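Order of writing sets the labels: A, B, C and D. Residues in every chain begin at 1.
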Amino acid sequence: MSYTQQMLDAYPADINLDRKQLAAVIDALTACAQTCTACADACLSEPAEQLPMLTRCIRDDLDCADICTTTAAVLSRHTGYDANLTRAQVQAALQATKTCADSCGEHADRHEHCRICAQACRQAHQALDALLPALQPAAGTGSPTRAAPQQSARP
Amino acid sequence: MSYTQQMLDAYPADINLDRKQLAAVIDALTACAQTCTACADACLSEPAEQLPMLTRCIRDDLDCADICTTTAAVLSRHTGYDANLTRAQVQAALQATKTCADSCGEHADRHEHCRICAQACRQAHQALDALLPALQPAAGTGSPTRAAPQQSARP
Amino acid sequence: MSYTQQMLDAYPADINLDRKQLAAVIDALTACAQTCTACADACLSEPAEQLPMLTRCIRDDLDCADICTTTAAVLSRHTGYDANLTRAQVQAALQATKTCADSCGEHADRHEHCRICAQACRQAHQALDALLPALQPAAGTGSPTRAAPQQSARP
Amino acid sequence: MSYTQQMLDAYPADINLDRKQLAAVIDALTACAQTCTACADACLSEPAEQLPMLTRCIRDDLDCADICTTTAAVLSRHTGYDANLTRAQVQAALQATKTCADSCGEHADRHEHCRICAQACRQAHQALDALLPALQPAAGTGSPTRAAPQQSARP
């Protein structure tokens, strides 16, 4: 069992989401972030005549790596859970993994690292997409759903 | 003139956004990220009887720091600009700075670091909010607006 | 085979380090970073009377998460490899994983998340320690060992 | 007065370092990180014939951005201060800012963004260098200097 799953099982309070699904999303995001960092660097070591076609791909890799790392961190925190915040960051990650999968996908035939990276992005995208319905804030409140309200002052 | 502004002026291609406004947003985000990191740590050094009331605030600080750092990085990149991606990440940062400003704001009377942090969050929120209208993708396309398309293969 | 290993195999130039060992180190660092982020948050959800004993542990978790994420990124890049830089960052990660393993280890009996986190930190520490001898800069030069020198100007 | 300085002044416990000097180091690191992120992206938008000479510079920018961001975060935390950990991360940042200043410096005549970035790296390097003597662990102990020991269990 991965550390991610073990840590979710050891969390000492309630989690509003399915822990097994959550572990899968977090693991897909951290894998995607590492793959994007590696792909940006692999692009930089391609022959000179290939570089001009890879600049947008490198940029998309860098954005996707940063956004997936941050989204994995947000999804790893459950104290004072705020569905609105989690949902907004997950939507940014959905866009980043789509953009990067498309961008790397254009080079999949020519560059093996782009093929693998597009696959990691699509896998993270699908995992995020499956999680999204569970991130609905409570209807009709207009305010964040707080799963673990701040402990009150002790007398 | 800040390094942020100098670097935007030295960027060797077009930028679709107002460079002065963009510099102000990036600087507000990096200041907010540092302030949130410092506030989470300051909360941890408060007296024992205060800690239970600060746990949600610490969590919101950590999310806001990560999200603002990532958003500043995304806004610092202009190669292959994708309005959809930038917009989604800016919306996540709008939510994070609002959540954290509210959370720290609850403790502003009692903890000076929370008062300052709420102020930094609100300043970043306002800067992001003013930038949002400029991040509109081209109407009716459904696809990202690419400001700096990938250079084509050289013959 | 993990994405990490696949991406190292797809890297289009030389890598001065053993690719299998490198993949193991990177994977241990990303797992450790996620575990530390989760442990800091789990500490925040412990009962009020436990919090004062966990503040240093939370701080060490946050440092270790940041440092392991950055070290994994540095080790995922091979273009223009600089042994001095890699070695310095690996040494910081060795210290961070030791500090955090010790800090979480103090609470391993009482908090399952601290027990798991100490284990993830020790695993990352051992992987880094085994890599260290391979990060020796070329003797007697005083300057960085550059594995993939910048491509020269084309005529 | 910057938020960094304000937050240090609002920290509710002792800080072992000079707060004014510390604020200057943190601000130099966050400015350097942003500048390196922007320089990597500006390099990607240079004309095709320039790209092959900029690949190592881009890689050094990316490392330096990650390392400076992490070092700024470590220096922004004071709870349970560990001089050994802080010192190790500062030494990594000293190496990263030197490597990147040298790398960007090679292109300072040709690319304004590299000239500015080399300057931001050198400024961060000097600030870190001036801080280093203050990060000496207590002599002869072999164990971390803990400035703010964990609060003991309440009876």
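To be clear about the criterion, contacts are C-beta pairs under 8 Å (C-beta built on N, C-alpha and C of every residue); 3 or more make two chains touch, one makes a residue touch a chain.
This is a predicted model, so every value here is computed, not measured.
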item: Higher-contact pair (C-beta pairs counted), A-C versus B-C; value: A-C
item: Selected from B-D, C-D or A-D, interface repeating A-B by over half of its contact pairs; value: C-D
item: Where subunit C and subunit D are represented by their mean Cα positions, the distance between them in whole Å; value: 18
item: Rounded Å distance, subunit A centre to subunit C centre (Cα mean); value: 20
item: Geometric centre distance via CA averages, subunit C-subunit B, whole Å; value: 26
item: Subunit B, residues touching no fewer than two other chains; value: 41, 44-45, 48, 52, 55, 58-59, 62, 69, 73, 77, 79, 148, 151, 154
item: Footprint of subunit C on subunit D - complex, ascending; value: 49, 52-60, 62-63, 66-67, 69-70, 73-74, 77, 79-80, 82, 84-85, 88-89, 91-92, 94-96, 99, 103, 144, 146, 148-154
item: Of all residues in subunit A, those that touch subunit C in their complex; value: 2-4, 6-8, 10-13, 26, 30-31, 33-35, 37-39, 41-42, 44-46, 48, 65, 69, 72-73, 76-79, 111-113, 116-117, 120, 148, 151, 154
item: Residues of subunit B that touch subunit C when the two form their complex; value: 40-41, 44-45, 48, 51-52, 55, 58-59, 62
